[in-house]
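Once you've had a glance at the structure underneath, I'll fire off some questions.
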Amino acid sequence: MANNPLAHLTRRYEFSASHRLHSNQLSEDENWEVYGKCNNPYGHGHNYYLEVTVAGRVDSATGMVVNLVDLDRVVKEEVLDYFDHKNLNLDLECFRDLVPTSENLLLEIADRLEKRWDRETAAGSSRLVKAKLQETGKNFFEYRYP
Amino acid sequence: MANNPLAHLTRRYEFSASHRLHSNQLSEDENWEVYGKCNNPYGHGHNYYLEVTVAGRVDSATGMVVNLVDLDRVVKEEVLDYFDHKNLNLDLECFRDLVPTSENLLLEIADRLEKRWDRETAAGSSRLVKAKLQETGKNFFEYRYP
Amino acid sequence: MANNPLAHLTRRYEFSASHRLHSNQLSEDENWEVYGKCNNPYGHGHNYYLEVTVAGRVDSATGMVVNLVDLDRVVKEEVLDYFDHKNLNLDLECFRDLVPTSENLLLEIADRLEKRWDRETAAGSSRLVKAKLQETGKNFFEYRYP
Amino acid sequence: MANNPLAHLTRRYEFSASHRLHSNQLSEDENWEVYGKCNNPYGHGHNYYLEVTVAGRVDSATGMVVNLVDLDRVVKEEVLDYFDHKNLNLDLECFRDLVPTSENLLLEIADRLEKRWDRETAAGSSRLVKAKLQETGKNFFEYRYP
Amino acid sequence: MANNPLAHLTRRYEFSASHRLHSNQLSEDENWEVYGKCNNPYGHGHNYYLEVTVAGRVDSATGMVVNLVDLDRVVKEEVLDYFDHKNLNLDLECFRDLVPTSENLLLEIADRLEKRWDRETAAGSSRLVKAKLQETGKNFFEYRYP
Amino acid sequence: MANNPLAHLTRRYEFSASHRLHSNQLSEDENWEVYGKCNNPYGHGHNYYLEVTVAGRVDSATGMVVNLVDLDRVVKEEVLDYFDHKNLNLDLECFRDLVPTSENLLLEIADRLEKRWDRETAAGSSRLVKAKLQETGKNFFEYRYP
């Protein structure tokens, strides 16, 4: 094994939110055809599980890639405080013109984390690798940072 | 072991819904104090997992307490069709004057199942024993039929 | 809390088996109607999870209700060695005239454990309370010892 | 369904601790025979999952049996602050003369919760029903309050 | 984040089947040595979990990579209808001369999905990335499309 | 699909250990600041889950990438026998001067597996791809072999 090898750490978070799937670019009939009961006017909701993966060299003094306390603080401020216990359509600016599908929700989360991580001193030499969003026990979505 | 012993079967279902916790019997301040961010005006949501437990003698011809196809039909018609992909506060008559906490949602579900089971010929000699509702990975609620 | 209170311990086991649901007491058409694709002539299979619950006073010297090593030995000899990696219909005497539904499989397991536990010196003053058999992630079955 | 029926709520918590299984009432040889590698002098550890179950009538104003915020506070103060990230043998008074098996750890937890719940005003009319301690993915232990 | 980034979606499916591990290229003794109790003549079975991963650009009108309704239809027709509740050795042409290990079962599934996806109009610009087959809670197998 | 494609297999293992996070390169105050309650002098513990991933061509005679019996033997001898039911700080040579964080524990495991795999005849043409170590339900760590 090489000296000072790379390790990946992943941390799991949970939040709850509601949404309605409805696209302004589609007719009422098309919306129903594409989204089915997810198009219900008053919305429905999910418990979302988010996994954030960070990669870096293991610090020889601390034995860590990044301190989980720091990662928790970033995810709380950028993701949980913003999305938890919200109606994605009505409470959030970012979904004013964007359908809050899990794909779009994931990309919003990944973007918020990326902008913060670049200026986060606690990030050290680590970098964001992946964000994974689980919508139900049967579906999950991943964004892999380039 | 006695002849023809009793066995319990439990089946797991999933549905998604949104809700806002807000009581008409409390002031705005009291609502916030009791429900915290669950009082957010536009609501939030969950994936709910429901487990229904039925007990009965094992039929000597079929080897079953009750056919799962029959149980699935009852739960679909009484619970899933009614609650899945709904806003509990705005879509449903039963929560017009009742706060849609998990406790109240569970009791509504248990009541709907009980009324149907009594007149369901496929139930045979089996009886409802328990309904269990999981709100998140950390919380669940049970009603035990008397 | 009373002196020397009762505690319950539960241990989880896994085995794999195949079966075909077919009743000699039903016609071909009735078999298909009752069991659907589970009536496929060549059978199908499952990973079964078994949970065995034992209750007893906590031994003041060892701090245990029963030693898990002893419980494991009993379950291995009475259940796993007998049912694991078997075709329930073709390999096992007990299902010659009995449909190997999960209900009947559970009752066979509960019966074998009960007969052994009564003469097992390592059982001490503990007693069998429950056997629970999980067939898939959505179904499980319980037998509660009287 | 009766008016104002009883509902059970269960909440899941997690903590990590280390222990060594060794009884002062047994010889060195007996300790090794009873506990095997759990008798390793320097100890080992577990992630413990605790589930606390409370039963009560659903409050007509709030729709709750008990507020989870209150339950969380009690469990934090009585259990998590006391046992989390501890060496059960060396850090805790209660295991000075008691083997820290999962059975004994569960009974200590159940006792601490019971003493507190009786004088906890937020408990309202609810009562403790069950404490369940999971030691690994294969073992769990339950105490049922009388 | 780049405009119109790539996202991965994964969907989980379940089916049950039985099999016997036996190779025509090995002697009886070699079969027993290689497969152990999985070589039992009458077979055994599993609940298999399949996860299919698809990658693509998020459609700006629908907010989706691919509609899950379309993915479900493809997997149902190509995998579930073919393998669910079957005896892999006796019911299926593809395992006439091929040992139905999880590796070979996975490759059959991956191949069937690939042939269909290429001519599936609902696939849009998305492509198959991975197929993952879980045999038990302890084993899983992956094929990564090139 | 290409002839004789590559498949990945992953197998899950479990062990229990205790540790104290304390770095000789940091002052007492710095240790407390970096590790918090994980710096408790007497330590705490975890159930660790290890997933080992191996990739290779599927053998045409056996239908396997590698026999799980062989993989189990290697992981038992190199990892489980060495780390299970141990105090990582006090029992193990490798953590004399290295903080036993999950990152460092993972790298030790990955290194031990790599050295053995290279000289393991049962490995055939397969190679180690990934080692993944789960510390709690919320954290996991991965090493990807180059």
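For the reader, a short list of remarks on this structure follows.
So that you can tell them apart, the chains are marked A, B, C, D, E and F in the order they are listed, and the count of residues begins at 1 in each.
Here is the rule we use: a contact is a pair of C-beta atoms (placed from the backbone, for glycine too) under 8 Å apart; a residue touches a chain by one contact, two chains touch by 3 or more.
Just so you know, these numbers come straight off a predicted model, no measurement behind them.
By residue number, more than half of the contact pairs of B-C reappear in one of the listed pairs A-E, C-E or D-F, namely A-E.
The interface with the greater count of contacting C-beta pairs, when A-E is set against A-B, is A-B. Each chain gets one centre point, the mean of its Cα atoms, and the points for chain E and chain F are 28 Å apart. Centroid to centroid, with C-alpha atoms defining each point, chain A and chain D lie 34 Å apart.
The residues of chain A that reach two or more other chains are 137, listed in rising order.
Chain contacts here follow an irregular pattern that is not a line, a ring, a star or a complete set. Pairwise chain contacts present here: A-B, A-E, A-F, B-C, B-D, C-D, C-E, D-F, E-F [touch as defined]. Every residue of chain F that touches chain A in the complex is listed here, in rising order: 21, 23, 25-26, 34, 36, 98-104, 106-107, 110-111, 114, 137-144, 146. By the touch criterion given at the top, residues 1-2, 5-12, 58, 60-65, 67-69 of chain A touch chain F in their complex. Taken in their complex, chain E has these residues touching chain C: 14, 16-19, 37-38, 40, 42-47, 84-87, 90-91, 136-137.
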